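Here come two complexes built around subunit A, the first alongside subunit B, the second alongside subunit C.
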Partner chain A sequence: MTAMTDTVARRPSSRRRQIDGWRWSGRIFLVFMLLYTALPMVWMLITSIKSGFAAMQFPPQWWPDQPTLASYEKLLDPQNSVGQDFLHFFWNSLFVSTTTTILSVIVAVPAAYAFSRFTFPGRNFLFFAVLLRNMFPAVIFLVPLFILMRAIGLVNTHGSLVLTYLTFGLPLAIWLLKGFYDNIPVQLEQAARIDGATRFQAFVLIVMPLSTPGIIATAIYSFIGAWNEYIYAYTFLSKNEQLTLPVGIQRFFSENTTDFPGLMAASFMMSVPVVVLFLLLQRYFVRALTEGAVKH
Partner chain B sequence: MTSHSLGSAVLCGAVSTALSVSLISTSALAAPVDLSKWSPEYVRSIAGTQDFDTAADCAKVTPLDYKGRLTFWYQGVFEGDPDMLREYYKDFFATFRKTYPNIKLEDQALTYNDLLDKFRTALLGNAAPMAIRLQILGGTEFAAKGYLRPLKPEDLGYSTSDFWPGAMKAVTWEGVTYGVPTNNETMAFIWNADIFKRAGLDPEKAPATWDDVVKYSKQIHDKLGIAGYGLVARKNAGNTPYRFMPQLWAYGGGVFDEASANPTYKKILLNSPQSKAALQASYDMYVRDKSVPVSALTNQQADNQPLFLAGQVAMMVSHPSDYTVMLDLQKKTTGADTAKAQTVIDNMRYGLIPAGPDGKRAVVFGGSNIHILKPEYVEGGKVDEPAAKALGCMWASPEWSLKLAYAGSNPGNLNGFKTKWMKERLSSIKFLDVTTSMLPYGIPFPALPQSPEIMNIIVPDMLQNALTGAMTIDQAAEDAAKKVKNLTEGGL
Partner chain C sequence: MAHVVLNDLVKTYGAFKAVNNVSLTINDGEFVALVGPSGCGKTTTLNLVAGLTSVSSGEIVIGDRVVNDLDPKDRDIAMVFQNYALYPQKSVYKNLAFPLQMRKLPSDEIDKKVREAARVLDMTQLLERKPRELSGGQQQRVALGRALVRDPAVFLMDEPLSNLDAKLRVQMRSEIKRFHQDLKATIIYVTHDQLEAVTMADRMAVMSGGYLQQYDTPAQVFAHPVNMFVASFIGSPAMSLVPVEASTEEGAPVLIGAEGWRLQLSPHNAQKVAKAKTKKVVLGARHSTIKLHKSAVPGSIPARAYTVEPTGDITFVQAFLSGAIVNVSVPPTVAVAPDEQIWLEFDQDRMHLFDGETEMALQAS
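Moving on to the complex of A and B:
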């Protein structure tokens, strides 16, 4: 009886140990993943506050002997040619990314709603046709798009980038939003219509507020895509005053040498808007990505 | 005619002759640079012996009040380059705008590895700039495809004899000249004296042959556990052929017969026993001895430089600018780093590029050229030729071809060696003697349109195939030779 009592008494603690083991494995795995993703960022930050010589030392200085903000000062100083260029590139990236984001939302919202709610001839074909472009690597469209942009006079304009980014970003944006609309019960709109609302009013007053997370996710997706894009910006723009950040930071590479602290400081500053945006709005982004996965 | 009138006439004649002579640029009167006498002593003897008036010389090509517009691309200098060089580039464009205030110049700097690809794409869309400064390897490709208009030194107010014959060969296609050299250089062999000493080698003596490089590299690696030679084998990066071709030529090999006195570029030598011996040397260092950086397959010089400065690579082939870069880095250090940087500087040594087994020494004759495009490939369909010539004249002038090559190259215009800035440069840039001494050993890349593909893709591919073990040395060399054959016959 005593032995049995012991067994009964031990059972919960052994189960707890077992559960704790899994939990700890999970935690260790998550810490490992955190280090895997965060360490490069930390190293980037540390390198950005080293001198050029210290950045080349081996074994590396895990924390610089003489930390310096010289690279940041250079980048943010509008009196300095490097700073002038960097701030210019930053503004160009912001302009292109914001414009792309706004246009992407304006086009994707009604398009996704139409695919979700209306039945029309060729609906399925069109829906998958939207995705056709995403089935090919972006680089194969490089030269044809360049020639097209040249023909319509958009080479060396930010318009060429906005148009291209929309072409690439819209299919996924429409897919994301359609998943959202599919999960909003159509009965809500029907109720609004019974109460006298027009279809447009039902869309604006009922559907749009409910799909806000999806719209925000679409906006983040468009913004990040445009902010980080390199190859089209590099091909379409050849005037210094129009370059965007991903192309502009190439200036830290030379034929035989690289300015590592400058490059890391510029990369860090380039990642700040995206990281901040993502941190603020990440719950919407994750929700939008999983929303279409389960039908209610 | 009276004696008075005769005297007056003689006097007038003398005065007008003197005036005319004073108005003619001094370059027209001075003796040309004698390449047959080329040596460090000769270079020193001519430095600072002549003054040039760039604006006056270029005014004869394009009037200084000319009104026009010019779009221009070039391989720029950026944040990692020596401060002094960046200042000179800034000064150049400021001076051009001041000298030609009515020419609207739209200049765009591009990085070394991107210039050719970006230019190719722009040409496909007829959106090229009116003028471009390309690395020496690029000119023939674009001339052969018909993108460039003929341009010779005489069009810019200079004489062909003012430039290295090898440089002129690189801008000539089927007997027509399509560009003007702006700068030409040869590299040197750099080593760390302290590492040599610790590895039991003579710290003041460079390896005499490439076989010695293999031997030294192994000794350094075995004794100190660091990389001996800074091998680079990255694809599609100009750095690789600049470092492997001297080795290939020294062993008596080549892609074609480009290392001979009168190359015909007809016979492929990549699969010759000599070329295979050169490839074997790289194989021995990378595979057998593991005495070079393990990242050599993706390394370019910008990756080797930090390793060298950190004391992790003992030897490398590079420009004199590496020394200037190091001085710049030291200037920006503080605390204990300053002394560490000084130690690296004190241990830097420059020597001639090693020779082959039979004493043959070779180096790539590098540089850049200015070209003018045909209007049909240019954005807007128009080329402002006088504006393009004005810029070409200034860049290729003795003054600016020296200043814009101050730290890493040499003036393309040989008269640049006579300027006061050359004299200043000889005293301020250590080891410049070594790299200028290598110039007569310079071999230009084959003047063929296929050269960029051969040098940037096929040759590095051959190296990678052998070093990764994907192919044997024989197979890699035969494969590369076959690819060159297919390419030159219009296939691939």
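Moving on to the complex of A and C:
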């Protein structure tokens, strides 16, 4: 009897202790992960405001003695050659990524809608064929695509990159959006068509606004993919004035001696558009990825 | 408002015939229910009328136009969907205004019509809400409002009440009926609930397996079902159907049950059985047309009570007879115990007789 009351009385506290144990190890793990992802970026930022000499010191200066924005000024100054190149690369990246994003949305939206709503011969085959590209590492396609681009005369053009990035980004974009359209009841369109809309109007006026989160997620995904891509840009482009940021930065700063503060400042500025984009639109992104997870 | 004619309507999906040669005439201002179990082709038929599905063969006439090749928007119809299909990103006001905007009405006229519809449906205070902020009944009402705001030739309703809870369903049922009476609207109403069809419709079209089984007023369908399917589908609890064998004893036709009992037939029923092409006959009777006796009376059949279900004002007794379950209703004052010996007496005038092979009702002439 005593033993029983004892266990009954003790159980809640021992259980709570167990949960606490898990909770704390979870927190520690998350803090560790946070440091793991954030510290390199913090270090990038700190290094970017050091002088070239301070960056090379050992033991390192945890906080620069004389913080300076000189690297940023140099990179953003259109008067000197470094700044000219950097701004050029930045513009190239922006152009390639934006074009990729726009085209990707233009193609993925109707494609996903068609996969979701229409039945046509070879629908399932096509739908899975779309994924075929993503089943192989990107490098495998490097040489074949290069030969292809040379054959159609696109080597050393931004068009070659846009085309390549589209083939990488579209499969996921189509899959993501199809999930969205599957979740929009077909009766909404039917109601719109009865209410006086054409099929196209029903799509534009009713379905498109409902799939905005999906479209935004797709756009972010395409943009980031294109913005960060290195190996294809490195292979397809050789003219200096055409380089995109990842390749440009790498080439630019390893030509003579490595200018670490400059490299870090450039890297930081390269990450700004992506971070800003993500912060602005992240709630759509999360919504898109979890859409359909629970029934509303 | 307008009348609707379906002429030999067929819809096939590959080898599957969803709608088989359905012909119906729906008069101007008439409320017609398409009723049947799921998969019977009733919703497909409605979608054909709406133009959401293309016709395989046959003809659809709305008003005086053949609309087979017209887009849904050009058919002058409005539709209420089972899930209401309210535009989730639009407020109630914009939901109601959408069909008018699509028809390019001037905005002051749109405003007038939307407010009028809101007033009729008693939801003026809800106009700025989004659909997700409304209760099921309110969403239902908005869906109805979006249909009536445009004053279409025909209203199509696809199970509009089946997402509501039981109490609200009964309430909305009378509201829709009232709506029909006030507007004199032509309504085609799809439902799997025979009670909705019986209570609301002027005429009901009972469908099964893509075929139109019977098209008549609810009273006629109830009193004179053309076959065993209609007999068992319409009415609750369902009509009891007892397989028996027709025979002649001492010159008089009788029905013989599996347990060996005999049922003498009235001259009218005897005539029906005499015309039958088979000896296998099915006897049909609704619970209210069977009398339950505690002792044998002339013309009654012995049976054993199986279950007893009191519902308050009426008690249902189920009994096994010839391998089938027979439903009898008795006043709650009559106490029947399970397994008790009882005697059943069928009302010959309200009894149904079916051909056991074709399942069609036997006719006297």
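Things worth noting here:
The rule is short, and it goes like this: the second predicted complex is superposed on the first by the 252 of 296 C-alpha atoms of A that agree within 3 Å, B and C clash if a C-alpha of one lies under 4 Å from a C-alpha of the other, contacts with A are read in each partner's own complex, and residues count from 1 in each chain.
One rule holds in what follows: a contact is a pair of C-beta atoms (placed from the backbone, for glycine too) under 8 Å apart; a residue touches a chain by one contact, two chains touch by 3 or more.
Keep in mind that what you see is a predicted model, and the values were worked out from it rather than measured.
Shared-chain residue A:68: touches subunit B; no touch with subunit C. In the superposition on chain A, contact of A:80 is made with neither subunit B nor subunit C. Shared-chain residue A:259: touches subunit B; no touch with subunit C.
Residue contacts after overlaying the shared chain place A:196 against subunit C, while subunit B stays out of touching range. Partner contacting the larger number of subunit A residues, of subunit B and subunit C: B.
Contacts of A:98 after superposition: neither subunit B nor subunit C is touched. Shared-chain residue A:188: touches subunit C; no touch with subunit B. When the shared chain is aligned, no partner comes close enough to touch A:134: not subunit B, not subunit C. In the superposition on chain A, A:58 contacts subunit B only, with no contact to subunit C. Using the contact criterion defined above for the overlaid structures, shared-chain residue A:271 touches neither subunit B nor subunit C, since it reaches no partner. Within the complex formed with subunit A, the residues of subunit B that make contact are 73, 75-81, 90, 106, 108-109, 111-114, 118, 121-122, 124-127, 129, 238-239, 301-302, 305-307, 309-312, 318-319, 321-322, 325, 328-330, 332-337, 340-341, 379, 408. Those residues of subunit A lying in contact with subunit B across their complex are 51-58, 65-66, 68, 70, 81-82, 142-143, 146-147, 149-150, 155-156, 234-235, 238-240, 250-260, 262-263.
Residues 185, 187-188, 190-198, 201, 206, 209-210 of subunit A are the ones that touch subunit C when the two sit in their complex. Residue ranges on subunit C touching subunit A, taken from their complex, read 50-52, 71-73, 75, 77-79, 81-83, 85, 87-89, 98-99, 102-103, 146, 150.
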